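The structure's right below; bear with me while I get my questions together.
Chain nomenclature is as follows: A, B, C and D, assigned in order of appearance, with residue numbering initiated at 1 for each chain independently.
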């Protein structure tokens, strides 16, 4: 069975009755909304690239029966599988103008986690669902972060139980769930929504220990798309955000029925933590993989604009570019290293080394804002005082701009690079990347906690004891 | 003669024939354009506050004849004058929602610089102009940064001489100037535009060593307003940027005639450096003064949202808040210290200590992006995945948001603070502040250069020699 | 009554029967031990400088009766008093080769704290003791830090009660105390030892809430001098540490009797915290004042060696020097600001602004190690691979060194500066300074805690609420 | 031919007539001097470990004839060879108490560089010399850094030509060289001294472009051992530096004759740069490999002392430990990655990826001083105020120390760990490590320069251009 075409994907997610809201209104067909359409087209890159013979080695895998399928859904068995997966993610994100496509990345992260953690019948159901996604070449979202209410309290302590998604009823044919998840990426344009618990849970949180999958048009499921970054935008002003967009939703489950064959976890709090953690182990590796084009662009755009400004040889500019290179290449080396140090579990499933993955993510997250400062420093104040697309389109005004915004390169090129950097670092698309750096796929504190947990302290402690002469 | 009212100011800058362009079109009356009008109303805060009895001590000075005038135009004679000036700037910027009003700050910075540097007839002309601005209670812009072309080359080395504003002709009644300045703040809604050289100049740059003032509607003067931050914006989504705006222009002098009484410097390259420097000494102090409300808001909004999220007592959150406090209060203490260490020159004019002013500015500039990270960390991903004003306005959607975005505070309050922080740190208004941190009133490199120049190294060098035993 | 001479001070602390141990042996007379003698001579700088007419304004105060006394013991009444005190401390530390003398600084910090916190008879006793110290021109140590045992437990939870100094018995004529303090600076060569509680205490810690003073030769008091930095050292190799030394002791109270007139606090846990805090408020200001010569020397020695190496004009060296200047001058400005923002309590006693004092201390402490890196970077590897005094003294070897260690300055000068920097940053004297930066007068965490406590958050919180539109 | 035993090595370097000076005197036999002997015994670890069956896989290689030889001298052919080499260096340094042994590391770095750069007869000579070192199992130093004089000037511009080692004469049987190198590690106890040029050279520097090898007892060669860290030291006070020591010399060539078969480069300035660079490519990888035990000890000792102090669970301590882990493990991952990304040249010789090697080295060097702060913060002020070995040895004093320096562990253990950390971070051994972090194997600036040079900017530049829409 062949992979889906981009248009097959587009058709699948449009007009299927899913309940979407955007900017105060219900949206009947996501493809017909000019802003939301951008996100669908962006996501379709994942399907487009699979059709490109130049990238077939990375994008398409073949199953035992000789059938091709999207390489995203290949269960990793080795360091090399993980490295290839990282390269595939990097490829698609690069084509996506630094914005990850995510429609198969996050879903497969979740599917692999189920394979590592579940047992028995639950594992069988998860395997069936993985094969379904692979065979149908689906776009799969993962809704993990509950809305949480007062974060100083656990799930069962909240005034309103619905602040964490939970099991309302167990029936013969399935379960009924209620509650809401937030920050759910690409759900509005996905085929399937998987739901994972957000954290480790104790016995009192039993009802909240639930994992399952539903189609995006499941009755009772409503998705409220964030209006962040809303509005028309011209491609001259916004070379990235006019073309590339990811949608996040508040994902509300209002007594949604889930048949048993799509239930992976139900009232088993002891598995909530392992499942959440295993998902994060894959997903944080996805994260650092998809950050690489963004880092390349920080370096490349800073070097390009410095050159166009005529300052590329100034000592302090070279110093700033060197810092950007160090940042980008340290994250890249750590990401590769996380794959190379893959751990293969006793089921034969490989996952990236958690310590190294978190080192990569932490390095990325904690130096990102400083990198923005460096790029902006290389570019200059014109990032926020320059002309707009309407000025450039004006036959009266453009000659003035051409005359006066010339640098060591023509104004037409220099202003394009300024706009690229402005979109990337100084407008809402830039703000989106910056907030994602801090929060997406786990906060900085979460990364630090994982690092300390994954670190093998025994060797260094014994070494210190030995050198101190303690017997 | 009384101070102008806000409406008198508004009238003065509207429909006076000034040549303005915005978003591809010429603007006949700045007051009639809904976006530009916001900038005029924002600037009018300077006039409003002068009418408020509560602030009269700070805002209004009295001349020898007992006539009141705007305290902005009081030539500083002491540390206390500078401290009062700083407080005044802080007051107006606080009312301006972290956006400086600037319409008297920058102009008076320039006027004071002329008083310190010029001699003889030029000084007399500058004094007359200062008295004019003070008496008429004017809004005065300063255009300093030339567009510069290839920045690896000096003014006279550029392919096109117009890339630096320069003297084209000296006539009996005045001079004719040509060229363009960029990043000119508040020029579009000012009464007067002062022009200063951008840097020290050598003998070959003679024609570029020019300083003067023209009314905003001078023939041949065209201002191209930046479209950065353009577009309608709802107050719920954008609590700051929907109300507060500053305009920057590309300011083109196309053979503009300036009568001699408004010419302060003409073909005197040896004074270009001192004038540029003296202006910067005042203006960088203005800058650190107007950053204080912004810093307070970073601390205040981070503490507020942490509390609303229910995480205010977490150790890592307290640590982040402490870092924000250290940042904000170090800049504040250094700013006060720059005033307290005022230097009074032999004309009896006080200026803030350059070393300390630059320490304050450097500290502000180099930690700003990290502070954004900390604020965003305290707030959470909802900064970029939350609902919009249209959602909130919907009777169908709002109850869902109220239910699910509750924290340790109601959703209505929590979302408002999220939007405040999003506007402040993660959208174009935030990008504007961030780029200004790096570039406005001098780059980070310029601050470092001034610090090294202002530092008195003799004492430490002698101390090192003495302790090393070198005789 | 005149101030004591240096020799009167030396006599007073030698051979008075105090119980001292050093390097495994009891020391009968501190003046007769060549290593310990250095510390006494170093401390005597405080007395020497008072005899120098050039410094009399700073060093000598005059009481109501017209009698001169050491300005260290002047109870501060104003910002200017605090500023003068800071300058005095800076002066003596500068003469002390970056090592504070401390014999009056720390004692007066303690005495002032008692004046601010005590009431009634206890206050009277403290006042009498203050007058005694002032009149007799004494060297006074403060022992505050208990040895503490397991730091995860409070005083009364320790297995051995003696791990915090505590009251063993109350008698008609006084109290008996037992336990030990550590890190007690200059106690071995002080006249008097004051004891303060180390922290806030609860009702269960009643016995540990004790403050008093005893002479250094009190029966039952033993002082174990640290051997850190022990050994002969040549002045060519160690230009600083061969001349300047401070002693720390483990200070053991083995049922020491204290007459009531020298007891300031006895079993009043509610005052333990305020007293500890008030002492710290003065003492941390002392700390930042005495760090200034050290910071000057970091800048001065780095600039000097860069010049002697012939690299002073390299861009990266200028950048490093600029960072050192920024560091040193930010601490200086904040220290001055802490004095300028003095708070005068309702008793008319001035103390430095706690927020600003802690900003200064925090800035000093957290950038110190990086500053060492910069200084070492400017100097070069010769810091740890160079010749020694015995080489330089050899007529056979010195010519080789003179020939080959020449830079842009003669080898004789260059090697002296190398040795100065090596002593200052790369040997035990440097290690002493580095550890003090982190721990002395409160740890970095303690400084952060004080900053958050001293910060007035109401204004910023209200500002955030207002701008968010929350009513 | 078997490997040498430790005693064979000791014999070889003692009493062979080499000209050594230390502390002002000529040293006839290095083994007979108690301080210098420590360095010989430390170096002998390299021979001891080769005798240990547990480490034979790492330490011993086998040649084509089946003869064993030291694995240090195996010319790397693959990533795995480099990884094994890194592990070997890490092993020996770990046994060396964080001090690298270096006697084969640095020499083989030099020998491999010759293999990569030379051609023809010079290459043959280098190969013969490599085989000699391998067969005889020798200790080989590399003298690279010239004393340099005024560093603002190049070699031929110095007032005294001898400030760079240079060719004085070419004779039929060899060359005569003169001049001095500094910072020459392990030369005093090596068998052979290789000399490399220090930098790229131009045509005017022809005489300085010289590389060769001489035995340590060559006539005219004098070595002046640095007295840094001199003096007896007790193992209780100095658990590391009493046992482990590396010697550096000023290495003076006073008309030393070198036969042609040991001359590798003579007056070929165009090869000076490539040779210097190739050596550095290997040697910087050696450096990051030997830093790993040091980093482990920073983490291990900080964690151990925090535990013994009873503060291991405090939030800020966990945060500091996490930072130390991140630091240590980032360097480790980058070091491994530098090996994994090995480049194999067209001669089949592998060398570590220069970009990644320099990332590792830069990360190590620029965070080292901050790491010291963190370790000292975890340990406490006792690092510099504690008792000494003579106190501990006293039956009168030790019980007092045992009673009062107890923590959450007995005083005997806690003080040992304090001394370990003091030796490691706060005394001269610590200063040695700190200065080496900044300067050894290339300065921080040199690392930055290599990173920018090794970075492939074309991809990122093209990506920026494409996204900006520049065709």
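Note that a contact is a pair of C-beta atoms (placed from the backbone, for glycine too) under 8 Å apart; a residue touches a chain by one contact, two chains touch by 3 or more.
Here the structure is a predicted model, which means the values were calculated and not measured.
K.L.:
Over half of the residue-numbered contact pairs in common: that is the test. Which of B-C, B-D or A-B passes it against C-D?
P.N.:
Answer for C-D: the repeating interface is A-B.
K.L.:
Identify the chain pair with more contacting C-beta pairs: A-C or A-D.
P.N.:
A-D
K.L.:
I'd like to verify one number: the distance from the centre of subunit A to the centre of subunit D, where each centre is the average of its C-alpha atoms, in whole angstrom.
P.N.:
43
K.L.:
What whole-number Å value describes the gap between the mean CA coordinates of subunit A and subunit B?
P.N.:
The answer is 38 Å.
K.L.:
Using Cα averages as centroids, what's the distance between subunit A and subunit C in whole Å?
P.N.:
The separation of the two C-alpha centroids amounts to 52 Å.
K.L.:
Spell out, as numbers or ranges, the residues of subunit D touching 2 or more other chains.
P.N.:
Counting only residues that touch two or more other chains, subunit D contributes 316, 319.
K.L.:
If we count contacts the way the header does, which residues on subunit B are in touch with subunit D in the complex?
P.N.:
315-316, 319
K.L.:
Which bits of subunit A are touching subunit B when the two form their complex?
P.N.:
21, 23-25, 145, 147-153, 160, 162-163, 180, 182-183, 222, 224, 226-231, 237, 248, 250, 252, 309-311, 313, 316, 366, 368-370, 372-373, 376-377, 380-391, 393-394, 397, 400-401, 403-408, 422, 425-428, 430-432, 434-440, 443-445
K.L.:
In their shared complex, at which residues does subunit B touch subunit C?
P.N.:
94, 97-98, 235-236, 239-240, 293, 296-297, 299-301, 303-304, 318-319, 321-322, 325-326, 328-330, 333-334, 336-337, 340-341, 355-356, 359, 362-363, 413, 416-417, 419-420, 448, 451-452, 455, 457, 459-465, 467-470
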